[in-house]
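The chains carry the letters A, B, C, D and E, assigned in the order they are written, with residues numbered from 1 in each.
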């Protein structure tokens, strides 16, 4: 019973938000954004309890925030694929890896690719592709990969696509590991470039110590991506995705070019994933194939689903919780994976519509649940 | 870049001697068993430390061996002035990802087990030191053992395609030269090695080297023996640990594990103390962990009270450790002549020291 | 690239591949059955297999079985281990269904949610052996590789004449075991009344219930059968490889799922074909290159197959109506 | 009385489809249920067959309270629904579909007899024995669905719009078959839009409007009822 | 962002205005619009269509009837790109369309409904129709993302309030926004046209059967088809409802669409069509005006049976 109440409460909150006057929504949104920017310095009790460095063995709060935002970006991108277009992508980590590897391969002076370019064109040993140029390269590489993967496989239905994408993710990782003389092999690539910026106190602006600057950078990108993604959702594109998800054949007969829209979803998801990977690789200044294991793909999917697939706010919440909680509760130590698994099961069983579901999904599930309840005549 | 919220200590300058030392590595997850004993060893060194003036605590930071989890930890440690040193990283990947952070923060590191060559040879940083010899040396020692002790002239070299096994096997291959007949690769998580076995059957080696971890070595060795290939089997320090004998069972009888770790006498005080504190024989790199901590503690004994002091002290340190005589060269490595390699033979499920090997330097 | 090595020992590599693939096939059955009926990838199935391997270890330990026992003892221990593994795996599968899937079904949740609870369950089971049981009972539980006594000693039983290919008893057992189980299951589903019920629920649960099929029973049956097959796979696996580990299921699970898709998920015979093919492709690939490229090759073969046969080699057993 | 549904309430989420209706069917009768789109006819059938549970009310069949029984349990008691939209198994062949109809039956010989009976009624099905049912035309699927329902030898056969999508000739045929089955001793409850046909062949009928029974009487009575004529027979 | 504002609430009051949803046609009434030319379609051994020939003329209502399994739906499927004919060609406005992708055929101007309703069940009625409208919209995915394509708005399209008004005056309004608005308006209009505007915001799954059938028609109309194909639109309707539907079909024609309708209800077919084509066993057995067909002995034997006494 309490569950029903809960989900209604969730709904009502959304409704109230919709009904609130426009100025109120704008101001509230601005406040939230401002608070997000202030977060790394949050030091007022009791709010400061959310920090991850309270525990003596906790990790740096701003760095964790950065990682959270990077995963949020990835999750928002994956949500376009899973939540909007309804394509199950279990290899999203592949695009994330491509983004990270692009900036490393082209931007790091110690990458075999850059070294080959140096000797080919007689460049100095410090030369590498500047960071700013690496951004379009990363996006282009992951986007191309998305299209190359999508074009032959998007005709496949549902779960066939899942296994093919899963394979793709593995192919990327294994290839990166095996091609020693291109990617640095299992040892990876160091000296990945950072974004340019003024020097402060003899350190570059984006350095390893002042993680909050990285966080702010990622946050700006996240806001941009969220803004663009929500534009897609409430447009003919979002509608087309929804229609394809519900009945692809009928949609085709109604003039929806199913393949084209699915490919777009894939391409958009891929480039956002690549962007997230780029941020990650650059901050870390080091990429290695083991950072892109299959588990990360599952984690991304879990972020999208647990928060409420299809709803951007839900996905943000999902990404936040799944990244934040294990960091916050470090004292559980080696019990963390167990607790994590248990939490996944419990949360989903208790709230199958996700923590912050899209209203459409919530209503759908609510209805179905009533039906199912009544159908279960044998209580 | 962090505001000091919770950490009660106002560490840093003055004569006040309240400090923390971080230990960073995979304390949970699949690889934890390789790391935890070394941190326990460090803890033991701290417990046994006799100093009234200073109050030092060891903080264990779990990275799951994942560089992405290690960087926030490193930033945290670097940003908290009360940390005057770090033991770790335990693995090479996380060390690569974090050493520039520690360098920026000026935090001295002593790694108990990161062996990748490039860490000190390609882009060394001042703060990084390690107590284990790097892969090149290890590979050379293994190759020497194979040719000199085993007397092999046709070695079959296998690695696990990972950052640990691959460079090690590369180095073994390089040193062996013509004495290697064939090279093959396996994957982490693989259980069926039929393709490798069939390659071995046609190559007819007189010894086999495997650069990888126990999980794959156990079924591999079992399948080698099942196929009737009865030549000596040698592994790197990835197989060093009490688990090896248990995992491989009867098939592992006589297999050799090479480790840059001197045998700890079962009746030594360290072994006994460790047993008492942690309820088991000292595991992988326990002695190295102990030594790393001892170096830091010696710095405090010496009056070092800041990171710079400690770093300077570590750089110049010379002394006798549990695992070896300790001194660091300019790159942060222990000079080759101080390192000893030991071949341990698996006898009835336990690794017993067989012979010491010195690679030519 | 070394095609010579492949061609020279083609017979032998094929046998190796079939052995490897037999186990994939048995595990793939669990994926395929659950998928066929519930349109759901049971992510926890890999752990159903893992529990089976531990059960074999447990049974041997309890019986005190070791290498080199008499023939009678060996047969008895193996059969007992088989029974125990089948029961334990089936029980685990059923438990997963009860805890993670049934409540969702009652609430009419979309398929993605099942995926996540499946992943969650998988993690819980893995950690149960890697952490929880270790905390309470210590070794052999934990994150280390554990040896399982080779109760059946590997021996060459005969040599295939003409090509001079030795076949060992364990291999023979694995291949024959897998094929026999497949045929039995296939016959059951296609010929028996209950099997027809399974297929009916797969196609239209509501109408199936109008025909007198008890949907819940069918779903339970599917999990039990899939679980039992994973138990068989677990025994055969331990006979051949002699080890287990808390996360032993992960890779085999992914391979088996790939095999199921390759053969046409939802199709029992497809699981066999897909499993064997995958095994053979992998072994061939490790001959041509080395094992570090097997997964890449296998996935590329999968994509190629799906491009020409979008529903796998044998297609889905469930026809699709249009317009 | 063979079947009695009392004060049945059925909800779909927030939508209430049945507002407490009472329906009775006596042994041997043909009873029809007519009403506009969305009146709740299908919902009534679902509730009777057990595909959907009731929020309130009860169903008694053959003297036994079946309110809490699942659909498959009710089927075993002889309460069989041939659902709206046919609900055939698209991936099974025609024969296998018919087989499913006999899922709960053990009397092999009688089952074989029933095959012949069904093929006698629908020769088209015999021609298409091996065809996958999903590719049958709309009307063919309807025949299959009715045939399959007959295979379970129902005590009470419930048909939801059996004539939907059928060619005129076939509609005649279907109604003839319904009469025939009824004469062979099966009680029938039928939902129909083709009210004229249905009423003229029924012993009794109910008129459903937005989830309520608004009229009931013998078929002939309702055929003559002016409001029924206007609303459901298209005759002013 | 609200998922559905209550658009058109005030518009609902004024009566339906056909001009707003009438389509522009590009040819003269009576010319051949679609030509089915010797089409044969086999599924393995089953010959679903056997050398079928007929054409549809602009502006007419053509009935397609025949016994169950005669191949009527298959014929639709071939015309809308779901199936490709084994032999023969289908020309629409003199263009070969056999084998073309369904969505392309839709863009060319053919829309359809389905025999077993296939709406987008979780979308509201309005959204279902908007998907149809989108078929005629031009904004690309990038256009939606960046909204760079700006259009100078007419006075009526300008926002009322100050800042946004001046902004729109200077920078124009993105084509996407304008299309979106137009789509909503048109969809609402269409819902009203088929008579289900009162439940525009309800999820399609929850609509009563009759509403769903009409919603399918509205959705098909939204793609502005020159030819609309209705597959048994009256199935499951009672006589009174069928009467309404006949009116609706005529009004659809009046908007400028050409209509092809499959139906088993002879009263409806005879009452509404201009011409009828009869199929049996995949072959055309008759063609002509309703009167001719109803008298044709072949048709009576194969399909109608003895003179129909149904109401």
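Here, contacts are C-beta pairs under 8 Å (C-beta built on N, C-alpha and C of every residue); 3 or more make two chains touch, one makes a residue touch a chain.
Keep in mind that what you see is a predicted model, and the values were worked out from it rather than measured.
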{"item": "Chain ID, smallest distance between chain and overall C-alpha centroids", "value": "A"}
{"item": "Chain whose average C-alpha position is farthest from subunit D's own", "value": "B"}
{"item": "Interchain centroid distance [CA atoms averaged], subunit A/subunit C, Å", "value": "32"}
{"item": "Between subunit B and subunit C, centroid-to-centroid distance (C-alpha), Å", "value": "37"}
{"item": "Distance between chain centroids, defined by C-alpha means - subunit B, subunit E (Å)", "value": "72"}
{"item": "Distance from subunit D to subunit C - Cα centre to Cα centre, in angstrom", "value": "44"}
{"item": "Touching two or more other chains - residue numbers and ranges from subunit E", "value": "73, 82, 114-115, 118, 206"}
{"item": "For subunit B, residues that touch 2 or more chains besides their own", "value": "29, 32, 161"}
{"item": "Residues of subunit C touching at least two other chains", "value": "130, 292, 295, 322-323"}
{"item": "Of all residues in subunit A, those that touch subunit B in their complex", "value": "40-41, 43, 48, 51-64, 67, 110, 177-178, 180, 185-188, 190-191, 203, 207-213, 280, 283-286, 288, 290-291, 327, 330, 333-334, 336-337"}
{"item": "Touching residues (chain side subunit A, partner subunit C) in the complex", "value": "82, 88, 152-153, 155-157, 159-160, 162-164, 166-168, 170-171, 174-175, 177-178, 249, 294, 298, 301-302, 305-306, 309, 334-335, 337-338, 340-345, 348-349, 352-353, 361, 364-365, 367-369, 371-373, 376"}
{"item": "List of subunit D residues in touch with subunit C within their complex", "value": "49-51, 70-73, 75-76, 80-81, 83, 87-92, 96, 99-101, 103-104, 132, 134-135, 148, 152"}
{"item": "Contact set on subunit E toward subunit A in their complex", "value": "1-3, 80-82, 101-103, 106-107, 111-112, 114, 118-123, 127, 130-132, 134-137, 139, 141, 144-145, 147, 176, 179-180, 183, 203, 206, 219-220, 223"}
{"item": "Contact set on subunit B toward subunit A in their complex", "value": "1-3, 5-7, 20, 27-29, 32, 57, 59-62, 66-69, 71-76, 78-79, 92-93, 96-97, 100-101, 104-105, 116, 118, 122-123, 161-163, 166-167"}
